[in-house]
């Protein structure tokens, strides 16, 4: 940015600006390419527009579907998703800018946009673990606190520990799951009495499944904005194989987990997400097709078994409701993925597995600057100098990444949970849990209809029926205009 | 087209043909590139396939969802969307061809397809304003009349006024909203008695929200087929920021607009669309990130307040039902966008804002042919000669564009509304408003079930219940085969 | 693969491996491009990532929606789609590998992934014809048998008959439809008594429509991975025109087919799919825009009329239920497309229609190796030597392709149907048809609720109502944890 182009800038503009590639005033954008301007066709937007729109779609449509499955709470869930998307995306750009800005300006490009939207999806995962337990103001607070802590955790992992976690099994999924569960523990809401409101239906379960399928189908587009060449090719193969392996393995696992050997659609959904998450950390690594299949299947099955073995305990002991299963599916999947990432670092140096490109995948394993090894490698490939880590050393740092991320998330979630209990954030009472009625205009119907069921005698059937048909058959006219 | 390739063409082919890039008989498509053929990899389809399919998806899936929210009218709404998509797309290609064909042939390429589908989405917006009030034949008439008037209005703006409106805030959204409302005024249907049929449910409201989210997520793909380089980069940043700003701002606005300070999902939906529309006209302009945020938020809030302040009046006074809020959200958003477009033209000439590329954004501001200024500019950038308009002059033309488009749309809508009242177009009676039953095979259930509610005594509960459970619990066998 | 890179490979890895373009150990992926490595930016993944993700989305979301329309069977339908997607995709890769592997390894790249997912969609079409009649184990058996027979049929058509069927009207759609119907005939399930369970609702019909719209909107992305240049451009134009022509033509056809001249949403849906399928075989051929319109419209109308004229007969005579209309829409559309493909081959040689590129479209029509004609053609275009087939000869082979594919599918479906009747595959009893209750955990509600309707007296209304609200108003708490 030349001084000339800055003189028109009032102070508020100084905070957020277009990056050079998006800035019409940049000298390279208003000169012909032969005269020193960019060739417009190679602007990075052309490469990343598709990814950006896929993530945008996921934030606007997919994330909301996934949590909209509680009938009495569907407006709140969709609304919270949209609020988290909107606030989270902007707040991420600002927070990142505060940390990394060199000249006081925050330059926005397509990568900022994608990062912002992905970061807001992480908040949505956390929110999934406390779904139905928090007010809109608390959702706002959760978003504002989650994002800087998440950025901090990411910086710690990538800059200090130099851990490799392309798909974010640990740094995205496990972090969000632990964060959300920690908030849930601190809020310690005993919703036993209100569980009668937690009515699921076949339709709503299918909507939740669709939301999860959207997540699994669209999230890999993020990777397309981070990887190129054989790395992207490998990541695509691995994630598709792992996803389908997870989907298949979820059926026997769900059947085994139930005493009557029946499938559960929630299990299938959790397994699908968990298997997808498990492959994230190693998607761009040479895990081979059979490794992707094993990892997806194992992530899926272990999530389903974990869900059945610890859920009741966590709920009764710690008040972790996790009704959308966001905590368990991202948590178990992230844990499996993190361990797989560590193991793959251990075997990465095996000579035939990568050749020199291992130093591109694990930059910290690259020879130190000035060494003969680096000179040798540079004959064949462009790599940066690293720390010369051994595989065992990288393995240790990957494990440390897993532990540190979990601790930061747990601590961050605890602090966030405590702050969310501040009275001015409109903590929910028992009656408001899993209910839209306090904050949302809903189609009119007799209040708390189905609760009256047992109190109504035979002659009040009229009222009863009007209540009980709930979701689909409560009529209200378009008047009054307040709706 | 050589004579040789034309001899096999019977007369009907002479009207619509593949463009050279899609024509296997074109000499450049059946010769090797070294010998004068095209390099197949740089065929424009590769660049625009993604955009084309995104819009196709929007027409087939998204647009229908947005209007399918009235239970008793969902088949009609989805059906009308599909009919408008099909007829509108083909009719647009023909109308465009009649106007601009040079040699009597209409050459079809991916841009024709995209333009045709976008044009049909405009008709769908108009249709949203008269949703539930028109018969299938009237939908057909609306489509056939809307499209040539829309094309005429666009030509007036782009060729005569030389106004700049990349995202179509005025020429697409405002036009369609005004057109639809004008039709609605002329039809002047007082549906007060029938409003009992206008039953919304939580599920249906969520479906409508999803449809709007689809629109907002997929429509920017159109721009990717129109812009390149920093313009597209900027447009992507601006539209995402404005969309999320709109989504966030909709919450306080909705809360303020309601006496009991609750959120309304319809408000959120209207605000989201309106904020998105508001940024369209200036998406590729240097409005800076904070400008996109302000515009999106302002578009969202003003739509929600407008909706609450004028809706009842418009309905009782003019019979404007606009149940899908298409009129108010595209109308208010378009108005805000149009004004923003005019203001940005006024400040566009400020030197540092663009440099020379201002003449690519506002071609009419480019120096006149043969002038020294043009020669000077051409040293740095390839620009066409323009009219040498001053910023103030361009500002005036942008305002004129706003006024002229509104007038053409109002006049066109009025004429269309009058023609739609012709008796052979199956005008709806009061009983047919907001109802599928006249034109669609519906799952069998006792007619006008819930109307009987108050007439039925306690002993007719069986019938009553069978009625009232409506949407989800009306059973019918797959026989008879007529369904 | 050098010996060095193979020594670390245990035996299980020997079966499936990354293709060179996805293999980090490949010498060209870990060398700098100047030194003989690939230029990472031109890795085919960049070109095909979008297509791959679109198909992935279709398998995970779209296919399931299309069959989830029977309330009591929605879990089974969604689950079967996911199972078919997962098993089918992996099994296709293995089967293809067994057949075509040169060195004992199966190399996986993005094309394997896309082929695998497309192949699993074909199984889903077959499954659509027996929807509600088969158990999960039978779905598994269907998938495992369908895929190798399908691959065999494809090899026969493409290698022996050298028939051209880019969009798979015959080899994909007709094959699957015939296969599924044949299975259905052999299973010969008379579900008359259970048809009371086949309850559709307006919502579920709309979901089925949306699933079909997804299919029609996403499936063309497959072509983008197979075609380039003018062929892809033409295919895109043709498929969009045919789809919209089909959508428009479905309205009058549906109206005519019903005695009361009403539209049926199922008809519209079948017509849309059928018109889309009909253009597949000739999408990349010079059928001209008007040809695409005619074909789409004819495919749509003929499917709707076929549906009404033969459905009752097929059901009562052969037990073909085809409740999702997958059989009739893909079958009739495929037949129309196959005939159109044959006719277009007959007129393909007309000189002006393609020029030399006709030999790229119909490789078997290319002059034989060593001939003067081939030398002449090669002056202008790169073509391979073919069999020198005349148009009439190619026409005959196209017809043979239609007949052979139908026969292989019928035979394969018959054998599969017989094997599926093996007792250990958990054949369904009458009570289990179109019902989730045997294999799935469902929200608790009084069993077979609506059947009791007529047996319940006035004083049992409480139970009755609790039954009748079915889909949306059956409440169950999140406990017990088994769900």
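In this document, chain identifiers A, B and C correspond to the written order of the chains, with residue numbering beginning at 1 in each.
One rule holds in what follows: a residue touches a chain if its C-beta (ideal position, glycine included) is under 8 Å from a C-beta of that chain, and two chains touch if they have at least 3 such contacts.
Being a predicted model, the structure only gives us computed values, none of them experimental.
Trainee: Given that chain A and chain B are copies of one sequence and touch, is their interface built from the same residue numbers on both sides (over half shared) or different ones?
Mentor: different
Trainee: Nearest 5 degrees, what's the C-alpha rotation angle taking chain B to chain C?
Mentor: Fitting chain B to chain C on C-alpha atoms yields 120 degrees.
Trainee: Once you find the CA centre of chain A and the CA centre of chain B, what distance in Å lies between them?
Mentor: Each chain's C-alpha centroid was found; their separation is 32 Å.
Trainee: Among the residues of chain A, which ones contact at least 2 other chains?
Mentor: In chain A, residues 50, 71, 203, 461, 465, 469, 471-473 touch at least two other chains, as defined above.
Trainee: Under the definition above, what is the set of chain C residues touching chain A in their complex?
Mentor: It comes out as residues 4-8, 12-13, 15-19, 21-27, 29-32, 35, 37-38, 40-41, 43-46, 49-50, 52-53, 56-57, 60-61, 64-65, 68, 71, 74-75, 78-79, 82-83, 85-87, 89-90, 108-110, 112-113, 117, 136, 203, 438-443, 459, 461-462, 465-466, 469, 471-479, 481-483.
Trainee: Which stretch or stretches of chain C touch chain B in the complex?
Mentor: Spelled out, the residues of chain C in touch with chain B are 47, 50, 54, 71, 195-196, 198-203, 205-206, 209-210, 213-214, 216-218, 220-221, 224, 228-234, 236-237, 240-241, 243-248, 251, 258-260, 262-266, 268, 272, 286, 288-290, 293, 308, 311-312, 321, 323, 350-358, 361, 379-382, 450, 453, 458, 461, 464-465, 468-473.
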